[in-house]
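By written order: A, B, C and D. Residues from 1 in each chain.
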């Protein structure tokens, strides 16, 4: 068994990592750290995780972590690069769920207004969105197979949902102009910290847009579209995203509704998307006319995609749904780790969503 | 007191009409009809309405209705024109919440694939969205003051939310091209009929787009934009709407997020909207930077609007929230009736939303 | 107009007081205080209250409060007696929603483990549960009519729901032994403070008992049963309550399910309850066989009661539903104030619950 | 692999069976039947189950079912005995989730007011609540090992939750008199059929008791207490249950709050329950003072139990939570099947609940 640690296990993505790793056939959970909750039973915070081993949170500097083969970092930005630096130095491979290894250094420093303190690691890191960037993850897996610790910077939840809906059309060079991306997220996207916004009585029976005019996730989406654009060997500028997130009263789940201004309508869009994801164990293009639902992917690494041509005025609408804590965070991190360690990509991720 | 009837009182819009009329200072509730529930206590269906008078549903052909001054029709399309014809013939003014008196005859017949059987009434009817069409409602009020029964075709819920967000910019001629309108509705928008879609276990913890590629409400929105465009004495074609509705797990509430492709960014958009709705008792433009919430308008005739310039790429985003059963249905119908009968436009509509 | 202040207007009960007073025909809202939010627009915290006057929170020591005729205290326990002392000294009548004026001094000090610093006021205060204690409130109204400021200690939410279900049978001397009271509260009962427990993602899709073995509200319930018992001129010990509260994922609402061990089953229980509440504008005994719902009373001062004899083994089950922020807090406080000021008891409390 | 069919796979319990069997290490899903949905993709009804094999519903008389080793019946009462008879005749072992094989014939016929048409099968069937009745299930497993098809009548959801909380104290002879059982169920307990009661807008923001005065599940609970009472070799009459179910707005989950009138308080209740469930892989007695939550067991076969002595007046309160579709239906059925087929009792049931 490969020894795994979760750094920052008291947050929502951390708890989902614990749940998934505890039942993973190849990973053995060695440590779950939280400085704030160190010493406390994990089941005190999350009684759903009663019986998990180890039973208690330990501090971030738990020496057991340094003995692990892989550490999943479910920490805020800037904490990601801090832990990555000390862990890689100890030979531990890092799968980071923070924003610290997603973006080019200059883009990161501008978006987060902070200096990147692990630029060398960032250079060697791979962007962890397998459907967009599998080749780079495979290359990292090869490096890792030679005994070198590596770093994956897992994609954010909104960028994952958006890229899954956008990439096939953008890679094919069929999109020109501004892609409108109106997204809906469940409340867990705001994190575990109790605030007025996340109070049940505030979030319940409410829907709203937020984060306008510009959300911190926008540069990552533009980077994704550029990656897809250049993968397709297209010329000129890649399309840009106009991103507007909304909150709705559900715990988990994300809808990305993308309106793509297309250069031609004379394309079999359904087939384009089906071909793009053929054989992918997690991304399912629904039959023509079906709209994806968040409840269908909750708790999983799955994405459901609906393709709607004929919207009029030169637009094609593509809609994806994911679980923001699953394919948008913990489950995708495990998918990335499976690739790095050479396991079956679906290992530990076979669970289906509940029908209700 | 003006005698009022609710035709189709067993549905959600009907129940909201009953709640509002029962406490209206000028209207007296005479009859609440439902063929399916005739004879049953209203409080059996809606225990919240315990104590309301009359206590029981009567059939649609209840003769008491013919004695009323006004009838609110909360019935499906085609039933609206049927009841309107027989009621106007009896001298009863009609405020119709169905789709039957909203659209020009040809547009209606194409959208609903049915013949309009009351074309003469349709010709004389006014579109019931006061912020867009107050002059026509005033003209109808004058006709009514002369003793003539009149017909108002109240705006739909999505069109109301969309037009409130679009009209000031469109009327000013500042919008060119396709307006993207991504909207979120609470589950009551699907009506009271129990279906798999409206089952708690299906709707709960789910968000999804629906009604694609084309929703029946789209022609009404295009009509609204044309009205606003011509009110501004603009030339050329009015902008068109690309409308995509979504469901989220709330009972009541609607968000309309509009991305307006603008012809210039050199406009004080906040001021444009504030001026457009200055003095309006129901439509509130929030301070710059604030995003409206559905919970803030639930149970009321209010609309909250947030204006977000600087979205990049030539777009201005305007977001409105309403209660789909309030400003989107029953409360707006009462606002229209207040205008027709010459009452204070806010009569019976003063209630504030609950803070939670 | 009678000048009214809300002390502690930033919490949930405070916000509900503001909503109700702003539309009350006899009270004029002069000040809404919050030390933490002083200077901020009320609509920043509660956009539903946009347009209310005054528009901003002021600090607790706002001199305008001392000019008021009545102050509603929506503050934590111990803060209630502090503000009551200074306000009564300034001639302001106090309607306190904290626990400070509900219990006899010794019971209070034992339950809250704190000294009561306004024992003289407590002595003269009346327990604010009109259905149980109308005579004492009438007596206070007489005192107030002579120009003396008075203090009402409004009943708690759980005690209100429990007493409405228990009092008629207990007063009639038909109950002997331990009354089981299993109650369900919406999340607003836990207050506005964001905590892990009130986080949407924790409260959603969860139900649980809490506060065991003994909840702070229990002594107040025992006091109520003793009041009812002695009102009926019964001998021996009054029955006691075994109280167990539960949380369910709704914002507002409370169910009290009481199992009464009865001394005889040979009673027309339905009639007993109907007679007890005959003419009461707020408490409605449902037709035999109907079970009350929280949604039917949300946002109101109403209580719905269902009476179920024939449960077997000598038990009668009586179930009441209220809105914990309405009849359980803000609305009942206004009912008490209406009595004290000699207004119609229903003034400002006429609104019906929404049917959904 | 053991061949398994789900009869009645379109309902909620059926869908949960499909989800669990599809990932079970020992069962292979051969057929999922529904007369109403025959021929339709399962994923049309439940997109969460996209990718499951077989992909489509077949009719109940699908011959493939007769080739199976085991059939799980997720059908209404009376349909259970019908299918059991024809399947056992074909040599198929039956795990029935309907009420048809839970009760003695006379009790069944009285409770459901219908003749039992498979009395011989009922005689040989075992009541499927392993924590209460493991010996009988083991005996059935021995019979099955000899090649004989057998029938398990799985316990109902409320009875499972109630018995887990009651049995240790009742078996020990420490309870005398009426056990009050106030329970809360999620909306899925009302089944998949869309009704006014299960409409999102009706169930949302509502809590209520229902099914009074007497619920059909009560006789099953009394039977359970009698089984436990006699297992403890106690004399006299077993205690009886006074059962009151409530609905709360969650999809899945059940709380059973039991107030046990105990014959002595001089017992280590916590230890009594811990010992009773020691080694049980599914039933977890929480540390003293902790109250169980429904969210902690959703989607699993787990039960969480909290024990609260010192409630006063001779009562001990014991609270259990289960998932009504998990331990209360589909997962417990699989646990029973695991026992019958000699598999590890936890096979296919290892998944932990989501922390949110």
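Simple rule for what comes next: contacts are C-beta pairs under 8 Å (C-beta built on N, C-alpha and C of every residue); 3 or more make two chains touch, one makes a residue touch a chain.
Bear in mind that the values here come from a model prediction, so they are computed numbers and not experimental data.
Student: Find the chain most remote from chain B, comparing centres computed as mean CA coordinates.
Tutor: D
Student: Look at the interfaces C-D and B-D and say which one is made up of more C-beta pairs in contact.
Tutor: C-D
Student: Starting from the mean Cα coordinates of chain B and chain C, work out the distance between those two points in Å.
Tutor: Between these chains, centre-to-centre, one finds 37 Å.
Student: Taking each chain's centre as the mean position of its Cα atoms, how many Å separate chain C from chain D?
Tutor: 40
Student: Could you grab the centroid distance between chain B and chain D? Build each centroid from C-alpha atoms only and quote it in angstrom.
Tutor: Comparing mean C-alpha positions, chain D is 47 Å from chain B.
Student: Quick check on chain C: which residues sit in contact with 2+ other chains?
Tutor: Correct list: 12, 188, 201, 204-205, 249-252, 292-293, 295, 298, 356.
Student: What residues of chain A sit close enough to touch chain D in their complex?
Tutor: These residues of chain A touch chain D: 12, 15-16, 18-19, 22-23, 46-52, 188, 204-205, 251-252, 284, 286, 290, 292-293, 295-299, 302, 304, 325, 350-356.
Student: If you look only at chain C, which of its residues touch chain A in the complex?
Tutor: Residues 12, 45, 187-188, 192, 194-196, 198-201, 203-205, 249-252 of chain C touch chain A in their complex.
Student: Spell out the residues on chain D that touch chain C in their complex, using ranges where they run on.
Tutor: 177-178, 180, 182, 184, 186, 201-202, 204-210, 212-214, 240, 242, 244, 246, 248-253, 255, 257, 259, 289, 291-295, 298, 306, 308-315, 317, 319, 321, 356
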